[in-house]
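Please find the structures below.
Each of the next two complexes has subunit A plus one more chain, namely subunit B in the first and subunit C in the second.
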Partner chain A sequence: MEDNKDPKENKRREFLKTLGIIGAAGASGAMALYFGQQFEKIKAGKKVRLLTVDNKVVEFENGELKEFKGTTEDFIARGREGLPGKSWVMVIDLAKCRNARKCISACQSAHHLRPEQYHINTLQMQDSELTSPYFMPKPCQHCDNPPCVSVCPVDATFKRTDGPVLIDNERCIGCRFCIAACPYSARIFNWFDPKDAEKFANDPYDIELNVPQKRGTVSKCLFSADRLRNDELPYCVSNCPNGVYYFGDKNDDAVTNGTTKETVRLSTLLKDNAAYRLMEELGQEPRVYYLPPKDRLFPFPEQENKNEDNHV
Partner chain B sequence: MKSSFILIVVISLFGTFVKAQTPWVVPDDKKGLLAPIKFSDDTRKLGLEIYNKTCVSCHGHPGQPDQAKLVPPPADPASKVYQQNLDGELFYKITEGRGLMPSFKKMLKSEEIWNIISYVRTFNKEYVQKVGASDSSSGVKGKVTAKLNYTVKNNKIEVKVIQQINKMPINGAKLSLYAKRNFGWLPLDEIRSSNSLGIITFNYPNDLPGDKDGNVNVKINMANADGTEQTIIDTIIKTEVKRSQYNLLDNRTMWNVRSMAPIWLVLSYCGAVLAAWGVIFYIIWILLRIRKSGSETSN
Partner chain C sequence: MDEKTKSGIIHDLLKSVKLNNGFYLWMAFLSVSLVFCLTAYYQQLTTGLGVTGLRDYISWGMYISNFVFFVASSLIGMLISSVLGLTGQKWITPITRMAEIIAFAFAAVAGLVIVSDMGRPERLLNVFIHGRFQSPILWDVTVVTTYVMISLLLFIVPMVPDLAIAYNNRTDLPKWQRLLYKLLSLNWVGSKEQKDLLHKAIRILLILVIPVALAIHTVTSWLFAVTPRAGWNSTIFGPYFVTGAFVTGVASVIIAMYVFRKIYHLQDYIKEIHFDKIGKLLVLVSLVYLYFNINEFLVPGYKMPKHESITLHSLFNGGHAIMFWFVQLAGLVIPIFLLLLKKFRKPTPLLIIGIFVFIGAWLKRYLIVVPTQEHPFLPIQNVPQSYTFYQPTFTEICITLASFILVLIIVSVLAKVFPLIPIQETIDERNNKTESHEE
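Presenting the complex of A and B:
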């Protein structure tokens, strides 16, 4: 019996030994292959993500180290949550707008928009024959009761707890129901490849900036949610040379002028200037307030200076 | 006829608008103000950066005819008319503003404005800088300490300002009160002067929301002689007005998001779908039975 047992045990031991050797060889081989592959990637100029000794994630690309900002998934998870305790509102003083269009250019360059695409546009208004014409900047109104969100069949566009209505291009199927539902015509559709499509093709998608834009999806004004995260005023607000825009937190009861950086009480500003909202009767509770174009700082330009092409 | 009348009205309005632009007179006591710093390549470089951020959109690039088309036209900093301004006059015009030219008092610090002036002076080859005395920038000489006292009951903020060295109260110091908001400081009361005991009482609004515990970050600024301000107190006071913690997405049904849909809607929708499928399958079952019984009778 004992004689019979020994060879079996020996066989098992030998088998385990060889298995161990094969396993160790396999693991080290796999590691070698993995690091070899990483090295090949670096050589080929592909992106590799590394952790530095001080626990920062960096990206290595084309022989250069770059700060790693985050993946598309991170941005989407972060962007779906509103900034706690905030309630963003915008006030537009029509008396100060002279159609400088700096808000538009800043917005278009931030969101990689083509020149004919607008998240914000200044419209030329004249309410009736005898009333005075004026310029009216019109961004998305970021309604508290947004019909665009209710009609989206795929939960791509959504309302955030701090006010802005954003859109997730990773989910958008391009059905354009939201464009049809919006009474303010605030949304645009990417019919063609976006501006500099190849240049930003490999960048992670930032839902708060809606960049890189994608063909066949809807884009819209985002209240510059990426800037708000860093306690900065939106692109349009901070680039206006004429002090048209006020922006702030409704819970603070204060808004700050983007040009002069003057902070005023929101309730007082709205009350003293008889502020109004667009299409109040629809009950959508927009977040953009307008101050009437009273005591204008400049005369309305003559016909030849009107720059008609730019008004869609 | 009508259009020509409107044109005449517009032109006459336009005329009055241009006429209304009287020369910009700077008060005599502000004219002689000099920069407390010596202009150098560093200040010029910083000035250029600030100029490109805040001035270039209207004043264009100095020496180039790319100023914004406004009425009245913004001056080209390289022009003779512009350079005839004394340093103090430029400083006053930038800080105070007039008409379309905004006031930069709240936006830029006094050093930053001097940096801009040092940059625009590079377009005047005859310019020689006179440096002012360094203590002229402060209305009150020497260092200042201040104490703040807030009483919730009558919503008053009492401030006492004293000289740091000899503990003497300062008479006539001009102070202003601000509260921190998300993007800047909100002025709360008018600018007030201290009395002979160095005491100033500000009215604090009874409806200004603090954070969720009612805390508000307030600061007291003291006016300098050059029109800028320096902060002497920056502290947190506890008020009774708390921030409303209303969640926008509560109490609202957005039917495109399943988690937000009310239960009656989910149930009735699922019920309707099941009922429709049930009817279809029932009809198919009946059809099959008819076919089966038909084939049985023919056999």
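Presenting the complex of A and C:
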């Protein structure tokens, strides 16, 4: 997946400005690294010169150089603030979903999830006997009146000014009240050690990506808040092969299709297609709009969706 | 009243306070069982909550049911001491302290039970550091701790005169026990001033505990009722839970009455009349609870709205039907009918009925918590089969048992170390009776 590189790499540029404490030279405090786009391992005995932010050249030997991405505290501090002036919304065109499940795999690899752990899940729906079945991708609805946020006792899950509902797994106490409160079953829990827990154990925690995942805490769809910060479309949106997803800023009244990259007017799209929101009657004010599954030009499987089929 | 009877009462009621081999044996048994069960908790701590049968969809199970049950059982202290006490019911004298011990033990352990359900118990303090006022959990923590404190006070304060009596009369006890009595009796000599103060203090506590007790169980019910889920989204959950709590609590007191009467030989103090009275009390609270059950199930059952109907069907004639009808019939309807007859309000039949009600009440909490989550609004798909239903694991059962063992330990210790039946009140009451008789 070319456009799905390690998400953290994208932040490098931003953090080059910020501070790095490296090896013996770190005693002097902050230092920015600038030598190409790649990590470099320094072999024992080799000397390396680096330019610091205050134009001094420092030299050190031995040890391993690592990209400095920021501390957990930095990520949490900026992650709790919404991107100013933005109001993110998603539109899902049910007429186009063929259950390719590329959105799911892209999401799961970005968020270090196991195959049965979903931030977004594609459900096989049929509203009543005579109506047509259809596939419904179901991310977190990022409600404007989120019941999960109301019930959280420690402010671990929170609503950002630009729309997304995020979770701070450095604070979550694992009471799962939010899971009980969510009518969309959008939240999951790390019942065991998360996938590749040891590999990522020492990474700083990025609250906008909820990675590394942590045992005993809740996880959920984040509208790919880390990608939004870099003006990119969410993982699911940009990985859909069938043009199902539109994503954009309600304040601009514009949404972009993740497959065609075509940008359309949000209000027109919703109006022309009789868009609706899931379980509107519950009053949670979701931020995800659905376009009805009309004129689907592909066959639908006869079989009932089996639970074991679509994971692993 | 003659001096002999008074010293007789003191002698009888202080007989149990000396720690004997039977007690040590019982405590050893409880401690060993507790340690065994706590290894299960160690396993949960090191592996994660995945050792339970809980998964993403049914994420609250036995622990939360048990928590609700414990909070429910603790309400009995308020019902017996306050509601009945303040309305002038005299027959409750020998069981008030028992009720307070049960209330304190269940409420205190309820706090621990909820910790066992946490994915990150080491972050418990976050509730105080980052507490959000909007969350019912914060209200729950606040009122449960308050209730534990008031229940403890309601156990200790009315006992002050008895502790002085115990200190003066049982010079044979070990030093620590006498020191404990001396410290807690607060220099009680029984002067008029002291009596007035004590009376006032008890009265304030009795009144104070009523709103707090109502609050703890109402708030506990709101853990469910504030969510939009079908089956929990009910406006009567508060009173439904509170009335159910009285049923549970009365059943636990009946069991305690029977057991302590037997092992402490209290036949002269806890008489058949007391069983008769508490049997009637159980009928009363069960009838009220039945009324709420009818409202809770029949009203949505009449309309059968889409999402409620799925849960209701699983209860009425689906996967949970056996448990549901057992709870409703053996735990509620049949006891009501039987207890209307006098011969079932005798100690032994009442004990058996009490045990059924107690078990039914526990299962009832399970039926409130689990089935609703098995039927969320959106279908459960693309997950392992085990995610679609809930089956408690051995580990989970052990940890739940541990909480019951803890309650038993607290009840056993408090009922052993302190005089279980109020001595001064018993003496006063018999005095009054003789006086009015003489007049």
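As a convention for this text, the second predicted complex is superposed on the first by the 240 of 312 C-alpha atoms of A that agree within 3 Å, B and C clash if a C-alpha of one lies under 4 Å from a C-alpha of the other, contacts with A are read in each partner's own complex, and residues count from 1 in each chain.
Methods note: a contact is a pair of C-beta atoms (placed from the backbone, for glycine too) under 8 Å apart; a residue touches a chain by one contact, two chains touch by 3 or more.
None of the values given here were measured: they were computed from a predicted structure.
J.: Clash or fit: subunit B and subunit C on subunit A?
T.: On the superposed model, which is not a single observed complex, subunit B and subunit C clash.
J.: So, A:F247: does it touch subunit B (first), subunit C (second), both, or neither?
T.: first
J.: Counting only touches as set out at the top, which of subunit B and subunit C does A:C152 meet: first, second, both, neither?
T.: In the superposition, A:C152 contacts both subunit B and subunit C.
J.: I'd like to know which partner A:A275 touches here: subunit B for first, subunit C for second, both or neither.
T.: Neither subunit B nor subunit C is touched by A:A275.
J.: In the overlay, answer first, second, both or neither for which of subunit B and subunit C A:T161 touches.
T.: first
J.: Between subunit B (first) and subunit C (second), which, if any, makes contact with A:A95: first, second, both or neither?
T.: neither
J.: First (subunit B), second (subunit C), both or neither: which does A:N121 touch?
T.: Second partner only, subunit C.
J.: Is A:A181 contacted by the first partner subunit B, the second partner subunit C, both or neither?
T.: So A:A181 only meets subunit C here.
J.: A:A197 in the overlay: touching subunit B, subunit C, both, or neither? Say first, second, both or neither.
T.: It touches nothing on subunit B or subunit C.
J.: Return first, second, both or neither, reflecting whether A:D144 touches subunit B, subunit C, both chains, or no partner chain.
T.: First partner only, subunit B.
J.: Output the subunit A positions appearing in both contact lists, the one against subunit B and the one against subunit C.
T.: Looking at subunit A, the two contact sets intersect at 150-155, 305.
J.: Per the contact definition, I'd like the list of subunit C residues that touch subunit A in the complex.
T.: Touch residues, subunit C against subunit A: 47-50, 54-57, 59-60, 117-121, 123-124, 126-127, 129-132, 134-138, 141, 223-224, 226-229, 373, 376-385, 387-388.
J.: Give every residue of subunit A touching subunit C within the complex, in rising order.
T.: Spelled out, the residues of subunit A in touch with subunit C are 116-118, 121-125, 138, 147, 150-156, 171-177, 179-181, 183-185, 187-193, 215-218, 278-279, 282, 284, 305, 307-311.
J.: Show me the residue ranges of subunit A that touch subunit B in the complex, using the header's touch definition.
T.: Touch residues, subunit A against subunit B: 82, 85-87, 98, 100, 102, 144-145, 149-155, 158-163, 231, 233, 241-243, 247-249, 251-256, 259-265, 297-300, 302, 305.
J.: Name, in rising order, each residue of subunit B that touches subunit A in their complex.
T.: Touch residues, subunit B against subunit A: 10, 13-14, 17, 57-58, 68-71, 99-100, 102-104, 106-107, 179, 181-187, 207-209, 211-212, 243-249, 252, 254-257.
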